[in-house]
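Chain lettering (A, B and C) follows the sequence in which the chains are written, and residue indices restart at 1 in each chain.
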């Protein structure tokens, strides 16, 4: 099997507050990593396999800013260099494990998977709402037992909201309204837009915004392959539009962010966050949006886990039938395949 | 692995009353199917994979006589034609899933696996006792985690009754009495007959018939590959034989029917039914025969599940030693191999 | 995958008292075996697969000194010869299962895996303490879900005691003290010696010997590939050495014995025994040593089970970094690879 992973890329490894004093294991793009914060607070990621006999360092213990392997005591500093081996004074020159570039930004810890010298922090896509005091965010991460491409497909075609998420965010208009898709091949960004002028207000928004009647509902997707998916969601009473100057005081804005991080070829870390610009201090709205969005994500997880089994069982290949709603998803597949085949060369 | 399935054949998919209003999933010969009854009562079987992204239709919902895919809402009528897709008016010409010919007969729902235009209902073998008011039937279906060939082997050699089913249907005479085997190669039917003139009466028959002493016991097997296995069982007090005109008032007749339906290469639907021409209204006899026969089937299931693991572990091949009792089973293997290699061409 | 098993060798199949009247199944080097004691007390091992349809004989029943297959009644005597088949008088000439040479020695039942005519009992390595009244032994067997080579690695490098078994047998000196390794290539024996002149006394020995202060601690390993591992352990108050004539009244001696018996390519029977020459009748010491050593073995089992998964996942190969402490383990790998490639030819 040829790897479907796109290398030389930044991926969300964790939320910043998942990484602390304890050793923390997570696999990204098939690479097992161990994370911890050094005593000065810096987040560190090392390859999670001792260079001696492959024992997972995450099942070891810290001694100050070093990790002492739980099997034979090989000891590594935060750069991955070995500083102690048992039974001899001389430390072999090659005794080191890989360390991984990390950047903390927008509440995420991003890890660079690929050639270390290509790791340019300026390439990390932004999701500024998640760390912006003008927004309140609820969030989570659900393990998905399916290849990441199925989640990309899922998120780029929201017509499934009507069928899979009927009680939460789906209404008939989502499936019925045509979409416009734009692909910026140079920057590698995909935009899918669905603007409903006069739609039913799904429970997800009725409860949180207090709008009673029908709504104008915009779903503007912006996917920055491979990892970051943004859904700019605008809800307003039917007919209320932004001002000509771009201000938009009559609407509610929700920024839905997914970080799609492959774990193995057949499993994915499904990070999700919902940031809103209204009811900022309202704990009840936060609780409702958290629980509702998590329920929606778990409906997707359940469906995609089924689909992974279906596809894995059809080893000999299978056919699909694509229609207009799939335009964004097909563009994403094309871009991801191109990126997997030829990774980014030089940072600017 | 080359498929061992015999195609262009009728298989028992279900008992008629298993299929109702709700969507019902069952895989036959590796083909995932979804069943339901249309509003007019007709049983319907469609391929259980949406043409769009392969989502199982069985995990969807009905809307009248259509199935609405639970993922993106592709909607199919009872012929498998797609009648709605989301986000556009035009329905692609190729948007359809396969529908499968079904026939309800002898309490079973038979499904045709193979080329649709070869599906001739006259080819379905009969088990008329199961729907005949002159008989009372108990029955069940047990999932078997073993290839169907192991069940064929098992049923064509009843000498195992003595060892595996000692407390129920086995007595020493079953293992000791020689068998006669006849193979009708043209019709593809195998007959194995074991006639015990003077045998102990096993608990299974002593309890249900009330016979106290020794018995004349006939076991006449008729196997119509691939799916239908009949055991015509005749029990009478020792020495009591049928009249010259074929009438047989002094005996008890039990028709044991198995439908052997491959699910995957390594699992099988093991349908079993026991029809009797005595004590027709006696609920206690029905309960006893149901529980006893189910216990016997579960003993076979346990043994064959073990055997499947043994065989699967011996990937490099293994040897067997066949003796006289295996004549019927070996003939069945030969006929099944021939049928798998060259399926039936044209119906008469 | 090429087998890593070394054939034409004796392996520990069981403790003598594990084998009794009941049929007992255990797989050795991938060969499924059934064991029992004949009525005269002799231990018997046969291939655990009926020659007819491969049913496991261990799931059958005994009839005197024969095994009656639980499926169709093929019956075998203690030599593996078939003495009954169902439905006919003639027993086919080839109806027999393999029988395996067994020797009971040093509390173990040893089985010969390989060509029967090469089975020379004089080749069995000895662990006489286990059946010597001058010693008291505690022992056990833990199933290991890892290839046997990982256990060989583990036992030949005891520096891991400091890290994996800190609370029981590890102290800093074990990891710090250099080892001497000697390989007798002709006899195929590996000796690894670590002699600590002045070391902390780990709880394992402090509790059982009553020594209060620091100790002289010798760990002299003797590994006789593939199966038998001996650790001659000497503990004495610091500075106390054996007399010039070899007597050693001031020391405590513990003989730690492991029998490393491959079950499958990825699982192992991990037999362990601890024989001591002190506190012979002291049940509290026996209980303490049993529980402590079992805890140590289970720490190894847990670590090696993790390592097996790590290695199995790295199908494409992986790198290790070996240092001085690995000298014995690397020698063992080399000898085992040689033995696996060309088994012993003729017994002397």
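Here is the rule we use: a contact is a pair of C-beta atoms (placed from the backbone, for glycine too) under 8 Å apart; a residue touches a chain by one contact, two chains touch by 3 or more.
All values reported here derive from a predicted model rather than from experimental measurement.
Student: Compute the shortest path length in steps from chain B to chain C over the network of touching chains.
Tutor: 1
Student: Give me the rotation angle that lays the C-alpha atoms of chain A onto its copy chain C, rounded to the nearest 5 degrees.
Tutor: Value: 120 degrees, nearest 5.
Student: With over half of the numbers shared counting as same, classify the chain A/chain B interface as same or different.
Tutor: Mostly different residues: under half of the interface numbers shared.
Student: Using CA atom averages as chain centres, what separation in Å is found between chain A and chain B?
Tutor: Chain centres of chain A and chain B, defined by C-alpha means, are spaced 49 Å apart.
Student: Provide the list of chain A residues touching at least two other chains, using ranges where the numbers run on.
Tutor: Within chain A, no residue touches at least two other chains.
Student: Using the touch definition from the top, list the residues of chain C that touch chain A in their complex.
Tutor: Residues of chain C touching chain A: 153, 157, 159-160, 162-164, 175-179, 303, 306-307, 310-311, 314, 318-325.
Student: Taking the complex as given, what residues does chain A use to touch chain C?
Tutor: Going by the criterion above, the answer is residues 49, 51-56, 59, 68-73, 85-88, 92, 94-95.
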